[in-house]
Structures are given as structure tokens and as C-alpha cells.
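Across the two complexes that follow, chain A remains constant while its partner is chain B and subsequently chain C.
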Partner chain A sequence: MIGVVKNDIVKLFGTIKSYDDGTFYFDEKYVDGSEYKGPITTSASVVRGVTSFANVVSGKLNIPGEKILGLAKFFLGIGLPGSAKDCFNQIESLSLLENNRIFVPLILSLPSKVLSLTSKDQLKVEVTTVFGSAAPPLRVNLVQVLGSDSKIITTDSKELQFDLDNNVHYLDITPLKIDVGKYSLVFEITLQDSEHETVYTTGGRNTESVVVTGLIKVDKAEIGISENDAGSAESVEKLDLLKDTKVSLSANHLQKLRLSFQLSTPLGRTFKPHQVFLKLKHESKVEHLFVVPGSARQFKIVLDFLGLVEKFYYLSGTYDLELSVGDASMENSFLRALGQLELDLPEAPEKAPRPPAQAVDPLAKFRPQKEIEHIFRVPEKRPLQEVSLAFTGLTLLPFIGFLIGLMRLGVNLKNFPSLPGPAAFASLFHAGIAAVLLLYVLFWVKLDLFTTLKYLSFLGVFLVFVGHRTLSHLSNTTAKQKTA
Partner chain B sequence: MAAPRVLLLLAAAALLAVSSVGDASGEGPRGRKLLVLVDDLAVRSSHSAFFGSLQARGLDLEFRLADDPKLSLHRYDHSASDLIRGIATECGVDFDEDPEAMVIDHINYASSEVEGDHTLIAGDDLIQSDVILGSKKIEAPVLFRGIGHAANPSNSLVLKVLSASPSAYSANPEAKLASVPSLTGSAISLVSVMQARNNARVLISGSLDLFSNRFLKSGVQKAGSKMSHDKAGNEQFVTETSKWVFHERGHLKAVNVKHHKVGETNEPSMYRINDDLEYSVEIYEWSGTSWKPYVADDVQIQFFMMSPYVLKNMSTDKTAVYSASFKVPDVYGVFQFKVEYQRLGYTGLSLAKQIPVRPYRHDEYERFITSAFPYYAASFSTMGAFFIFSVAYLYHK
Partner chain C sequence: SSKRSEGARFVRMPKADGDAKLLIQSLNKAYAATPTNLKIIDLYVFFAMVTALVQVGYMGVVGSFPFNSFLSGVLSCIGTAVLAVCLRIQVNKDNKEFKDLPPERAFADFVLCNLVLHLVIINFLG
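For the complex of A and B:
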């Protein structure tokens, strides 16, 4: 029965999954969101079962040590799980693996993966159980150092010394003459007691990557303008790239800009950083970036403006120069403003491409607008009140003159009919005329046309009747006087 | 972990607020249900602090895998990262073409003993906006590790919330630079937001780790700086921007537009030129739980017909009522009362109310004009002279 279970366990471990970095885990098929348990829960239940079984069963389980180590690395690699259940599973599995009867995994870790040559850091390695307890006596050897592109730097095996107080294996890297850069270090752990080989699993060779950093020296920096064909630079200025400089250069499209400098590592070799950019920024915010190519000796860039006229969109004017040099292994990466370049390029032809639109400061779009007050139409200027009144007086003068004239002429009303009948009609006639004139005045003051016309029609009929009687009577009287 | 870049793009950009627009006075402008689309359910635990804070604010989260068949969102035959790139481009944000690229900054990186490739950026170039980032300044730098993007300069709706420093560039840290990187300097945006014209808000981040428990709880020390912070600015940044994205801040509504002649209370259907009128509107801002009065000094009213004839600042007495009074211009026609309010981070207000303006009636002019007195005098003196003459002529002997 036990043998069957042992076989099944071996088969179960055959279905283990792994990530690329050496971690192993168990997972179930994803069927339904609510029932899916996830790799943490699944792996934890396997670890729980297998370690409990191994603790009570006699004899060894046939599980390769690297799978146990992989499971331990999986649970360590989760970090801080989010749910309480996952946290419980993680801690429980690690504690079961801490001292289980199959293999106790020993984890190799580097407390610091960044070593600085400037501060003379030592390479420190820790080998502990999953919960950090001390490992049995063992030796850690640095067997290989591989550079980037897997270039082998050194293969002499160096044993790391053991610091008992801090439980750390350490090694001075300065005698190794390792320069700045990224390296893969291959460690080999060997247990001092051969009996421990059946109890602990170390994974044999462990590879860890480190970055060695240092201060990079910059010197022989020069910038200048040279003519198109001649080799010698016309004006060369030495630059101190330890601080911002303010050179002032001017060039036209027939000239070239030269910039050169040397970079060397603390050990004196030439250094090729990841980022070596020269940026030219026009006053209209259009930018151009160039990678400064590096050879074995130095970094040098030559900007031939004749070929760059179109790339620069024919924009003449002031360009700000900026040099940025940086790398992961460089402790003094810098971004330096070099100065300004007055560039004189020819005029853009009709079909030249326009420079790309530049970003507008978003805050500028959202300002309140300027207030607008409506300017009302100024009414026309009128003459002064006194002037109007003066002219009113002048207008009335003829009337007054008329009255005075009538007085002078000795006007009389002798011809007014004396008989009561005609006299009444005559009075009514003149009263009617006066009424019509009064109606006109009333119309001007407040009446509207319809009312006025209504009254006028009444008055008009009346006036015709009365007027006819009066005037015919008057004409009869005059005719009688004439014939008599 | 397999395909980290896809994770970075997919889950980071895919927090959608399923909006059931609530119009009742107690409800906010957007519903409280939130759909979280992830590529890997482990995100639920590695980012539990962020999701926990969202749930604490009353949002109802639902986690789904991106290719869940029960979702009504469809996934076409592209890879997830292409889809996210497409959506981002529509929002005015262009990610770096190279899927292996990350933002590298050799000067403004966060010191770390574990990694030395300077891809962990300590970003402190934040947008100046109290609406988006909250009124309290974020003192500590924000940790970021991921892919960078650029805001399209021709898009006027996208804003860079967290920009990279001038020394940053986007490239594959594992390989040497094959060509000039397309994204460099401050043009690289680490986190951008976009507010569409219908006031929908989108936040696009190139780093999923920015929201993770690890970054929210970790301390930060910028390389080359002596000052180290116990807690990175991530938690404050993430909380405040999520409040803005889910419309818990900066969402305005304008109600109760009123206008009347000075001295009256009813709203006329037409104004006459040279009338004095008063206009008032109430503006509220959603605070996450209720509508609070919005206080600002730059809300303006326009009296508009083809172009604004009058543009005036409105004043408020802090009770959400904004009012202004002015004289109707002496141009007649059909005008509009327009309030156009667009400010960084706030939803836009665009109100228009039409009102006709008529000229003077014939009897609203000046009745008796002094400078016309000579004419009046002429007319009446003629009438008087006629009467006298008629009498005099008929009866003179």
C-alpha cells in the first residue's frame, strides 16, 4: 500500500510545472472562476500531504532534490501574498519544508546584488534554510564569472570565506580584477559533511547575477566646428564634463560639428555605456537625438550639417546642446548642458516637410477668457438746450411779426354778421376750425390716429355744413354791397 | 514570470467603471460597480492593498480574466498587448513599439540593493493639479517600473500626470542600443490621463507594479540623494488618481439656470435692448458621497450671438450660486446665455439658453425732444396764424 502511494507521489511530481527561473509549482486546470484554487493553494496541499507522509513512512521518497528546492523557491518568490489564505498556505508550506524528511532545501541568496568598486564592497553570499536558520557547515565556491554575452571572465574556483558571526560567506573582489559591468556568478555549494547529502539539497550550482559599479573617468573632451572638407578642426574647445559648460558655437550648413571624449573604467579599460546621447534642442522645442558612436579609443561624433539640413527641417537659429552618458554600472551618470550652437541653414524649399507639432502646455488651454463689455452705440450729439430754445424763439418771431403787422394794418372785425342767425353760424364755423386745430394738438400729445380720424370725421361734416352757410351768407352780403 | 509585458499593459489599463448613470440627487454621476480585467488572477493578491482601498471607498469590484467567455467584451484575434496599444492610441497615448523596452534612467533611479539595471524609476515630475492629485502634495517620489509612452502632441485631451526626467530613455535594458531610441527625456510619460469630451476618464500607466502591494509599502531613496523616504509616494498617488478617475473628484454639474430683469423675479420670454438683467446658476461638485457646492472665481457667463457681446466673471457667495448682472447690448437678435467652463481635471460645463432681444417699440422712445422745439413751434404757430388769418380776412372791412 505504502509502495503504491510512493509510486503515485513520484508520478504526481512528474506533473510538476516550472517557471524559467528554477521554481517549481503545482497547478490545476482552470475550469471555473469560483472553484479555481490557484497554484499557491494547490502546491501547498501537495507539500502538506507529501511532507506529512514522508514524516511517518520509513525509507526515502524518490523525489529529486531540485524539485523540492524548486517548490521552496516558488513559495519564497511569491513575496507577500494578498489574501490571508494564501499567506497561511505560504508560511505553512515553508515551515513544512524547513525540516522535512525528504530533502531540506538550502537557499543561496545575495543580500546585495549591486557591488561598488568605489566603496570597495565585498561579495556576500548567504546560505540558509527557507526560514533563514543556519545551514550545516558547507563551502561556497565561486567557480565561474560570466560577463554579458556569456563571456567567461574567470574560471578559477575561489573559495569564499565564512564569517561565523553574521553567517555570511564573503569574498573580496578587488583581487579578481573585475571591471564594472553586469556579471553572472556561478556558485557551487559543497556540504562539508557527506552524510548531509541525503538530508539537504542545495541545487549544486547556483547562478546569480550582479552588477559591479564604479566611477567612470571622462577626459579629453573636445568640441569644435570644422570645415566640410578639411580634416583639421577650425575651432576646438576643451570641455570639462564634470560640470555644465556654456560654449557658444556658430556654424552654417557647410560645416561640421565634432565632439569627442574618452571614457575609462576604474581599471583603466575603455568603457562603452548603454546611453551616450547628444541632443540638439531648437528654440521652437524641436529636438534631435544622436547616439555617439564609440570605438576602442574614444567616443566621437561628427555632425555633418550638409546632410542633416532636411532632418533639421531647415530650422535655423539657436540650438541647445546636451550630452547624456549613463549606464547601469556607472556610478556617475550625467546629463550635461554643453552650451549653444547658432546654426545657419538655407531656406526651406516649397515641398520641405514641416517640423512636427510640439506639445502645448495644458495649463495654457484652460485659462479664463478676457472680460468683454459691450460698447453701446453713442447717441448722436444734440445741440445745447439753450440753442434749441433760441431757435424756438426765432421760429416764433414771424408769428409775432404777423400779429404786429395785423395790428399795424388796423384789422377789424366790422364785417362780422350782425344778424343773430348768420352770426351764430359764423361763430360756429370758427369754433369748428379751432376745434379741428385743437384735435390736431391732442393727436400730437396723446391720441392715436383712429380716434382722431373718428372725431375729425364728425367735426368735418359739421364744419362743411356750418361753413357753407356762413360763407354763402358772406358772399351774398358782399354781392349785395357791390350791386347796391 | 511569463509575458510580464503583456501583464503590464493589459491589467494596468483595464479598470473600467461600469457606469450606470445615477441621476437621483443622492447618487453620484457614475455607478459603484467596477469590472477588473486581469491576465492572471495572482494580480488579485499581489495588488490587494490597492483593491482593498477601492473597496473601502464603496466600490463594488468584480474580477474577471480577460478571455472570460461570459463577458460581453469581445476579444478579437489580436494579442492582448496589441489591443491595449490600440485603445491607448485612440486615447492619444503611443507606447514604445519594442515590447521588450522599459524606461531606464541612470540619474533618477531608485537605489535598490536587489537590482542594478536602473529600471526602477523614482518619479517626481508630477502634474500641477489639485484636482487630479489631491490637495496634499506628494512628498516622496513615486516608484515606477515598466514601459514608457508619449502623449500625442496633437491630442488636446490627454495629460501627462507623471513624466520622466530629462535623462530618461526607453530601451531594452538587456541589449545594447540598436538604434536611436524614439522616446527620450521629459517627453516620456509614465502615467497619463485622458478626459474625453463626454467626460469619460481614462488612466494609462505603463507599470502594473506601480499599483502593487510591494511598491505601495516600500520606502524609496533616490540615487545620489541623501534623503530617504520611509514610504514611497505610490500609495498617495494611486489613491488620489483613482479617486479622480472614478469621478469622486472633479465632476461638476450645473443646475437651476435662472435669469430675470433686475427688480423682477419672473423669467421673461424676451428682453429689450438696454435692459438690466441678472443671471444665476448653481454648480455642484461630487465629493464621492454627496454633491457639494463648487467654489471658484473664474466661472464666466457669455451673452452670445455668433460671438460674445458680453463676457463677465460670475461671483459666488460660497453656496453654489453663481450670479452676474449686466446690461443687454443695444443689438437685437436671438442671443444665448452661454457658460463654457473647461478647466484642467474638471469635467466640462457647457450650458446654453436661448433668449430673444427686441428693439424699442415705437412708443418707448423719447417723447418730446428739446432740439425739436423749433419744429413744434413752427407747426403750432402756423396753425395759430391760420386761425387768426381766417377770422381776420373774412371779417375785415
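For the complex of A and C:
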């Protein structure tokens, strides 16, 4: 029964997957999105099962050490997982691998991957278990040093010395004469006690990459203006590129600007940095960037303004010169202001391209804005007050004419009822009409429609009642007069 | 006899001048015969129209800026004139159509309609 399980475990480990950097992991087939667990959960469950089984079973499980080491590297290499479940699986698997009975993986790591030639750093290497506990006695050899394009630098094996107090292996690399740059270091770990070979797994050869940095020497820097024919009289100035300089040059479109300098590493070889740029910035903030080409001997750039007139948008004036040299392995990367160049270019023809609009300060929209003057509608012209009053008088004239005409016609109040009852009603009728007219005047002056309608409804009902009484009395009187 | 003297004069003076004078005089005579209450109503109508004309003249002088006010004023005059004409038609004893309508009833209608008209006018006056 146990044998069957052991065989199955061996078969299971046959299905393990791997990445190029030596990590091994288990993964399920992706069948269903909701059921898919992912490599972390799958590998963790395998590690859990296999280590628990190995802890209780007698005899050795036939699993190659590199696969155990690969699983350990997988869990170490995923960083800090995003979910709590993945985090738990990672830490639990590593703790189970820390001292399991199959193979205990030993991890080689570099506490610092950047070595400075200037401060004479030593190469330091640590070999520990997955949780950083001390490894058994072992030897670490630096077997190979490979350059950035896999060029082999050294092949003789150098043994690293062991510092017991700090549990670190170290090596002085200055005798190796390694220049600045990026390198791959190949280490080999050998256990001193042969019995530990069945307990620990080291993975044999381990490759780590380091960057060696140093101070780059800049010398023979020169800048000058020359005429258009090659090699004629130049006005050359020597530059000290270790600090900002303030040269003042002037040129027209028939001349050329020359800039040259040399870069060398601490070991004296020519250095080609990642970035070498010369920037010309016009006073109107238009910028032009040039890459300074480098040969085996030096870095040199020649700006022929005759060909650059159109690129510069025909802008004459003062240009600020700036040189920037930078690289990851250069400890003294710099950005230097060189000085100013007065450039005289011909006038732009009509079809010339305009320089691109410069970026507006993005904070400008938060500053006080232009004040907007509101233009009010010009009020209509009104007539003079005297004119208006004159016409008001004119409007009243016909009314006066009406009254005069009434008098001339002999209007009288003879039909006004004399009896007190009907007389009262008649007076109330006239009063009611007068009240309604007064209400209208108030409406015009200050009341609103709803209030007016409210009062009008009361007055209206009253008036209808009173009017009916009065007029029916009048009509009865007239009828009596007719018949009488 | 006055007719004959007018006729004699008629032969001697130019035709058009005499015609116009004759027409106006006969109109005046006829009008004098109308009852007084109708004359009052006619006077009222005349007064309303004159007021309207004054307002139109004012607008012609100073422009129509508060146009709603102008309309309100003019329409009040014309409206009340129209109502007065209606009253006249209904009150006129010679009018066969409204024989059965008592004049007081017509007058009550006139008052009521005027009040409604003036409410609308005041609202529109602004």
C-alpha cells in the first residue's frame, strides 16, 4: 500500500512544470473558471501531502532534489501574494519545506546585487534554508563570470571565504579586474559533509546577476564653432565637465557646432553609457535633442546648422546647451549646463513649419482667471417725463368732453328711486361698481391676480344681487309708467 | 318754402358745394330726433374712440416700448366702445329683433361685460 503511494508520488512529480529560472510548480488543467485553483494552491496542496507523508513513512521518497529546490524557489519567487489564501499557502509550504524528510532545500542569495568599485565592495553570498536558518557547513565557489552578452570573463573557480559571525561567504573581486557593467555570476555549492547529500539539496550551480558600478572619468572635453568646410580654423574651448560651465558661443547657419569628449572606466577602458544627449533649448522653450554618437576613441557630435535650419523652425536667438550622460553602472551620471549659443538663422519662408505650441502650465487653470465683464442689455429709451405727463392729460380730455356733452344733453337723475328701500339698493349698486373699479386700480398697483379674483368673487356676488334688485325695480317702474 | 328757396339758390351755386351742405343739414335734423338715451350712448362711444386715438398718437410719438401696455389701453377703449354699440342696438326701440328684451337687462349685460373686460385689461396692463 505504501509502496503504491510512493510510486504514485513519483509519477505525480513527473507531471511537474517549470520555468526557465529553475522554479518548479504544479498546476491543474484549466477546465472551469469557478473550480480552477491556480498553481499556488495546487503546489501547496502537493507539498502539504508529500511532506506529511514523508514525515511518517519509513524510507526515502524517490524525488529528485532539484524538484524540491524548484518548489521552494517557486514559493520564494512569488513575492507577497495578493490574497490571504495564497499568502497562507505560501508560508505554510515554505515552513513544511524548511525541514522536511525528503530534501531540505538550501537557497543561495546575494544580500546586495550592486557592487561599487569605488567603495571596494566585497561580493557577499548567503546560503540558508528557505526561512533563513543556518545551512550546514559547505563551500561556495564562484565558477564563472559572464558579461552582459554572455561573454565569459573568467573561468577559474574562486572559493569564497566564510564569515562565521555573519553567516556569509565573501570574496574580494578587485583581483578579478572586473570593469563596470552588468554581469552574471555562476556559483557552485558543495556540502562539506557527504552525509548531508541525502538530507539537503543545493541545486549545484546557481546563477545570480549583479551590477558593478564605478566612477567614470570624463576628459578631453571640447566645444567649438567651426566654418562649414571640414577642419578649418576653429574656436575651440576646453570644458571641464565635472561642473556646470558657462561658455558663450555664437554661430550663424553657415557654421557648425562641435562637441567632443572621452569617457573611460576605472580600469581604463572606453565606456559607452546608455544615454548621451545634447539638448538645445531656445528662449521660447522649444527644445531639440541630439544623441551624441560614440566611437572606440571618443564621443563626438557635429551640428551642421545649414541642414538643421528647418528642424529649428528658423528660430534665431539664444539657445541653452545641456549635456546629459547617464548609465546604471555609472556612479557619477550628470546633467550639465554647458552655456549659451547665439544662433543666427535666416528668416523663415512662408511655407515653413511653425514650432509646436509649448505646453501650457497645467496649474494655470487653477489661478485667478480673466474677469468677465457682463454686458447688460441696454434699457429701452423711455420718453421724457414731461411728454408722458402731457399725454396723460390729453387722454383725460375726452373724458371731460364726455361729461360736458352729457350735461348738454340734459342728463339728470330723475329716475333715481325716491323710496328708501329701492334707493338704498340703487346706491349700493353704484357703490358696488365703484368698489370693483377701485379693486382694479389696487390690482394694477400692488395686488396679484389671485387675491384680486378672490375679492372680485365676493364683490361680484354682491353686485349681482344688488343690481338685480335695482334693475328689476326700475323695469317694474317703467312698465307701470307705460301701462299707466 | 325753405326748400324752394334752397332750390333757387341751388340753381345759382355750384352743385357739389350745395349738395354737401344739404346732406349735413339733413343728417343733423335726423339725428336730433333720436331719443336721449341713445344719444348718451353715442357720446360715450365717441369719447372712447377719441381716447383710443390719443393713445395711438402717443405711441406714434414715443415708440411702442411697453407694447403690452399700449395694446391694453387701446383695446380697452375699443372694447368698451363695442359693448356700448351692442347696448345701443339692444336698447333701441326701433329694433324689431330685441323687442322683448328689457333695456335694464341689456344694461346689466353691458355693466358685467365691461367689468370683465377691464379686469383683463388691468391684468394685461403690466
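Throughout what follows, the second predicted complex is superposed on the first by the 344 of 484 C-alpha atoms of A that agree within 3 Å, B and C clash if a C-alpha of one lies under 4 Å from a C-alpha of the other, contacts with A are read in each partner's own complex, and residues count from 1 in each chain.
Criterion: contacts are C-beta pairs under 8 Å (C-beta built on N, C-alpha and C of every residue); 3 or more make two chains touch, one makes a residue touch a chain.
Predicted model only: the values in this text are computed from it and were never measured.
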Exercise. Given the touch rule stated above, what does A:A134 touch, chain B (first), chain C (second), both, or neither?
Worked result: neither
For this session: Could you say whether A:L437 touches chain B, chain C, both of them, or neither, answering first, second, both or neither?
Result: both
Exercise. Which partner does A:V411 reach: the first (chain B), the second (chain C), both, or neither?
Worked result: both
For this session: Could you say whether A:Q275 touches chain B, chain C, both of them, or neither, answering first, second, both or neither?
Result: first
For this session: Please name the chain, chain B or chain C, that touches the greater number of residues in chain A.
Result: B
Problem set entry | Partner chain in contact with A:V10 - chain B first, chain C second, else both or neither | neither
For this session: Identify the partner contact of A:S475: answer first if only chain B is touched, second if only chain C is, both if each is, neither if none is.
Result: second
For this session: Kindly classify A:E287 by the partners it touches after superposition: chain B alone (first), chain C alone (second), both, or neither?
Result: first
Exercise. Of the two partner chains, chain B (first) and chain C (second), which one does A:L449 touch, if any: first, second, both, or neither?
Worked result: second
Exercise. Which partner does A:P398 contact after superposing on A: first (chain B), second (chain C), both, neither?
Worked result: both
Problem set entry | Overlapping contact positions on chain A, where the chain C interface meets the chain B interface | 382-383, 387-388, 391, 394-395, 398-399, 402, 406, 411, 433, 437, 440-441, 474
For this session: Quick one: which bits of chain A touch chain C in the complex? Just the residue numbers, please.
Result: 380-383, 387-388, 391, 394-395, 397-399, 401-402, 405-406, 409-411, 433, 436-437, 440-441, 443-444, 449, 452, 456, 460, 467-468, 471-472, 474-475, 478
Exercise. Across the complex, what residues on chain C touch chain A?
Worked result: 36, 39-40, 43-44, 47-48, 50-51, 54-55, 57-58, 61-63, 65, 102-105, 107-108, 111, 115, 118-119, 122-123, 125
For this session: Show which residues of chain A lie in contact with chain B when the two form their complex.
Result: 19-20, 33, 36, 38-39, 79-83, 86, 111-114, 182, 210-211, 213, 274-275, 277, 279, 287, 289-291, 322, 324, 326-330, 333-335, 356-360, 362-363, 365-366, 368-374, 376-377, 382-383, 385, 387-389, 391-392, 394-396, 398-399, 402-403, 406, 411-416, 426, 430, 433-434, 437, 440-441, 474
Exercise. So in the complex, which bits of chain B are touching chain A?
Worked result: 1-2, 41-42, 44-49, 63-65, 68, 104-107, 112-118, 127-128, 151, 153-154, 156, 159, 166-167, 169, 171, 173, 176-177, 179-181, 184-185, 187, 213-214, 274, 298, 300, 303, 308-313, 327, 329-331, 342-344, 369-378, 380-381, 383-392, 394-397
